[in-house]
Amino acid sequence: MNAPQTSTQLEQQPYTRQEMMAIATGRELHDGELAIFGVGLSMLAGYFAQAHHAPRLRSMTEGGVYGATPVGGLPWGIECNRISANATSFTNAIDALGFLVASGRCDVGIIGAAQVDKFGNVNTTGIWDGDIGDSYRLPKTRLTGAGGANDIACGAGRVVIMVTHEPKRFADKVSYISSPGYLDGGAARERYGFVGGGPSAIVTTLGILRPDPVTKEFFLDAYYAFSSVEEIRAATGWDLKVSPNVRVVPEPTQEELAALRQVDATGALRKR
Amino acid sequence: MNAPQTSTQLEQQPYTRQEMMAIATGRELHDGELAIFGVGLSMLAGYFAQAHHAPRLRSMTEGGVYGATPVGGLPWGIECNRISANATSFTNAIDALGFLVASGRCDVGIIGAAQVDKFGNVNTTGIWDGDIGDSYRLPKTRLTGAGGANDIACGAGRVVIMVTHEPKRFADKVSYISSPGYLDGGAARERYGFVGGGPSAIVTTLGILRPDPVTKEFFLDAYYAFSSVEEIRAATGWDLKVSPNVRVVPEPTQEELAALRQVDATGALRKR
Amino acid sequence: MSQQKLITLAEAVRRYTHDGIQYASGAALPVGSDAVVFGRELLRQGRKNLHAIFHCNTQQLNLLAGAGAVTKAECGFSGLEVFGFANGLRRAVESGQTALEDYSNLAMALRLLGGALNWPFVPATVNIGSDIQHRSAFAPDDYPAKSKIPTVTDPFSGREIGAFSPLRPEVAAIHVSLADPLGNAILLGTEWSRFELARAAQKVVLIADAIVDTDCMRQYPNLVRIPDVIVDAVVYHPFAAWPQSSPGFYDADEAHMKSMNKSLSSVEGTADYLREHVTGIDDIDAYLDNIGRDKVAELSDTATAFLLAPFRQWIKTPAEVAALLAETTEETAA
Amino acid sequence: MSQQKLITLAEAVRRYTHDGIQYASGAALPVGSDAVVFGRELLRQGRKNLHAIFHCNTQQLNLLAGAGAVTKAECGFSGLEVFGFANGLRRAVESGQTALEDYSNLAMALRLLGGALNWPFVPATVNIGSDIQHRSAFAPDDYPAKSKIPTVTDPFSGREIGAFSPLRPEVAAIHVSLADPLGNAILLGTEWSRFELARAAQKVVLIADAIVDTDCMRQYPNLVRIPDVIVDAVVYHPFAAWPQSSPGFYDADEAHMKSMNKSLSSVEGTADYLREHVTGIDDIDAYLDNIGRDKVAELSDTATAFLLAPFRQWIKTPAEVAALLAETTEETAA
């Protein structure tokens, strides 16, 4: 198990934890699929997949930006000129998030999380001191809200959640469900008729969690060469179950790193 | 009262009945209003108004064709190249018929009718031999269906109906309501919450009918210089009431005829 | 990267249609952009028992119904605008051969919107209160027809409105002005409901008057209202909407609009029309010959030609398109 | 013919806004096309108690909320994408000064669609089942909040889904790339929900980076997604989205995005920001000076410049726009 990396160590490291997370996420995407990416890490992970192993991945952003790849570095937003510079089509939010995502047409979406729980529910709305209570009260810390992630969580065939692995982010139960995972587990999604299948993986800075097919509780499926089961369990806010077949995620190949760094031209993932 | 005009008489006549109807319809449109035109006569009437007395009439067709005026004669359809040749904007059906008409935003629409009844209900769907019956049965003669006229009849602030004045077209009750007028009269429209006000006039080849403010039954408001109250009552399939203030519609002015014929470049209205 | 999707018209019909299919076209208007040529090929391949979803009738539906290939149709408008009643469709409806379910034009567009969004129903503030709401050719004995436009209660006000059933046609053949080989498309003129249809349909085949290089799309991405990611196949076919019009390319063929509709008014006339203008006309050259080369030139002399000017530099020649088509065929075979 | 609708930014705010107005902008995204400059003028004129309808937060809402001018806000996303949390909005929400009602991005777009169609409600297949559905900052003591996303029963299947309330904001200030003096507008880059917003709003003010001749619209009518008939006023204002980006015109100002957001994290910083970048900057020259002429040049050197190329020939010079503006002013006075 590696110690947390500092910037002075970066030069000696072959790759950062952020890069490992982006590559592991990108590996979840398959050639020919229709995929939607959010901003930041999820966008880099998605375009990495397209650049590396899924050349016919059909991708878009929430704004209906099609056929584009980032130029000049990580785009500042899903409508940033760095991604608008080489699109083949610009449409709109209803098209991307409605016609293609909420409809169930999109195969896979990548979303981020401030907080995630054992059923894959995501909180990006706020942090409360203690329980949120029965109705609504002011958050101690206001976050970004749901954005398009709720729409992706409801509609996409499957969802990959990317999140930094820290105890405060991995809660037994999120205080506010911004984007539904499996709610209270089992077949709970069926109550709402969601066309999407729910999260298929939580890819973190330390490993990969996957849902139990029946209970839908997330368990540890794999860890990285630089992490360990113990470290991951310690960084998880619930009693994380571990797969009997828990495995080590293959390290990034030279080709993967080259493809990722071509997308991440300004090295956003190397600076963290 | 003139005899029906034949083509040999046309050269001696200052204007045809179709032209009178188009001009009388055009006079119903006011400067600055937002208006939607169908195809054929209603389009000529609308663009005549714009060319003559309502230069700031904001007009569109069902397809979301904005800022256009016909070139080279009567367009064959609302999307004909004769109207597409000088548009400032092309959008779509939901925009024109939904956002601007069904929403209640459009001030006035002009629609045609195969059959109209005393409450201004319009049938353009079919003719049955006898009553249509309790549910659905095949029409003897299939017509064109509702098109966008139903949407206009439900949503436009007011509607002007253009129709050739013949007994078979003016029924006590239409056999099929394709586009609602005042249904069975009075406040019946309120049952459906229509945002549009209903038909404000039926402009025919013989005169102009308007609805009673309370009962909503259409009465004769005005006749043309070449028609008469008797002729109109005889050509109407119900016992048409006549306004105590029934008046003669002013004949087309030279300016009106010139403007109309500029729009009707191929003389479609002169040939009928 | 998307893959090249050019195939021939015959291949598109073979691959994406079958007897009894719920087939959508006509998210266009009776005189304008519709993939009329697709209907001709459906007839050449003998497709029958179609369930036709046509936002508006066009000469395609008129021909398909007149030829007896349509069992069910759903339409907002079943005429031919200034060209009058659609005689082929009319004859099929009056004889009971085609069950025609009536909606308004907005209703059809909203039903496609609802299908694109995968909603269970679409709020209806039009069509209610008229005979469209509860008289159903698909369920002729039921009144009110609960399967057509039932009521739904607004949870905010308690007010009752209607509910449209969404449309998700199995395949749509959509006429576009310009497509690239990947399936990005530009529409000139009103979109009518082609934007929504391209998302509502389960499979999308573009029928393009011209093929352009993808550079054209990168120059004008806001014009690309149908992106390649939702397109299954691209068919190159000049004069694909004939005798209807295509803004920028050609005007409506007034004489043929009339003569075609006249032919379709009888069984015999329809047989004659099929023999003269459909059967055996199985490539683009034969098709343009059938229209008449002089007529092609005349119709191309349109007042809307300027609309196409910015894009002409990227239009591929028929030979270039043929070469690309050969590539796709090889890929598919490989 | 429509009439010329050019007015100044100050006049637009004076004429179309008031304290307590339901004001919509931000049918754009946090880094992209939003009429940020309109918010600056709202503050210069001291507008307060705003009910802000922003599909997404932008630097405009961040600034308005940070300055204490926003009582209520409805948003799909309240951050600044890669630039992090929106400190001004965040501070206003955490202190209780701004009641922020949460929806998803699709929900906001569909609520505008519903407003544009004048539907009583919009079917909701997203946002249901999460805390968004029933937790309401506008009705904090009610759970479930029946006024937010109640359930509605699909009349076809009996299935329960949600219902969104439609939005019909009193006024929308919509950023566009190009407008003509009549109010026809071209958007470059994602429309996000500007198409729907332009129809949902009761009054529409366009804020355009450049003014073009109407001939440009006649050449590219399919690009004119906002036609003049629904527009009340047109404001010419270069760099109207600054520090956000406008495809074809300028990139996002990374340094200012960060420093502005940092300033907005405190009351003092916000006061400083207003003094340095808002107060007294009451014409275009002063505004561009404030950005810095070197920065203006640097940001204009964008990789997206080619998107604007086809339209440059119709762009009016500042002097030509000023002359047109003088005409409108005379007309209004007359």
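Before moving on, here are some points about what is shown:
A, B, C and D label the chains in the order they appear, each numbered from 1.
The rule is short, and it goes like this: a residue touches a chain if its C-beta (ideal position, glycine included) is under 8 Å from a C-beta of that chain, and two chains touch if they have at least 3 such contacts.
Everything quoted here is computed from the prediction, not taken from an experiment.
Put simply, the chain farthest from chain C by mean CA position is A. Looking at A-D and A-C, the interface holding more C-beta pairs in contact is that of A-D.
Note on chain placement: the centre of chain C and the centre of chain D lie 37 Å apart, centres being C-alpha means. Averaging Cα coordinates per chain places chain A and chain D 29 Å apart. Here the spacing of chain A and chain C, counted between their Cα centres, is 40 Å. Centres computed as Cα averages put chain A at a distance of 58 Å from chain B. Contacts with at least two other chains are made by residues 117-118, 125, 159, 161, 188-189, 191, 196, 221-222, 225, 307 of chain D. Residue positions 64, 90-91, 94, 98, 102, 195 of chain B each touch two or more of the other chains.
Under the touch rule stated earlier, the contacting chain pairs are A-C, A-D, B-C, B-D, C-D. Per the touch definition, chain B reaches chain D in the complex via residues 34, 50, 55-56, 58-60, 64, 66-67, 86-91, 94-95, 98-100, 102-105, 195. Residues 39-40, 61-65, 71-72, 74-82, 84-85, 90-94, 97-98, 101-102, 121, 125, 132, 134-151, 153-155, 176-180, 183, 189, 191-195 of chain B are the ones that touch chain C when the two sit in their complex.
Remark: chain C residues 28-33, 55-56, 75-79, 81-83, 85-86, 89-90, 93-94, 96, 100, 102-110, 113, 125-132, 135-137, 139-143, 145, 159, 161, 188-196, 245, 247, 251-252, 254, 257, 302-304, 307 touch chain B in the complex.
On the side of chain C, the complex with chain A involves touching residues 1-3, 116-118, 180, 182, 184, 196, 199, 214, 217-218, 221-222, 224-230. Every residue of chain D that touches chain C in the complex is listed here, in rising order: 114, 117-123, 125, 146-147, 150-157, 159, 161, 163, 165, 186-189, 191, 219-223, 225, 306-307, 309-310.
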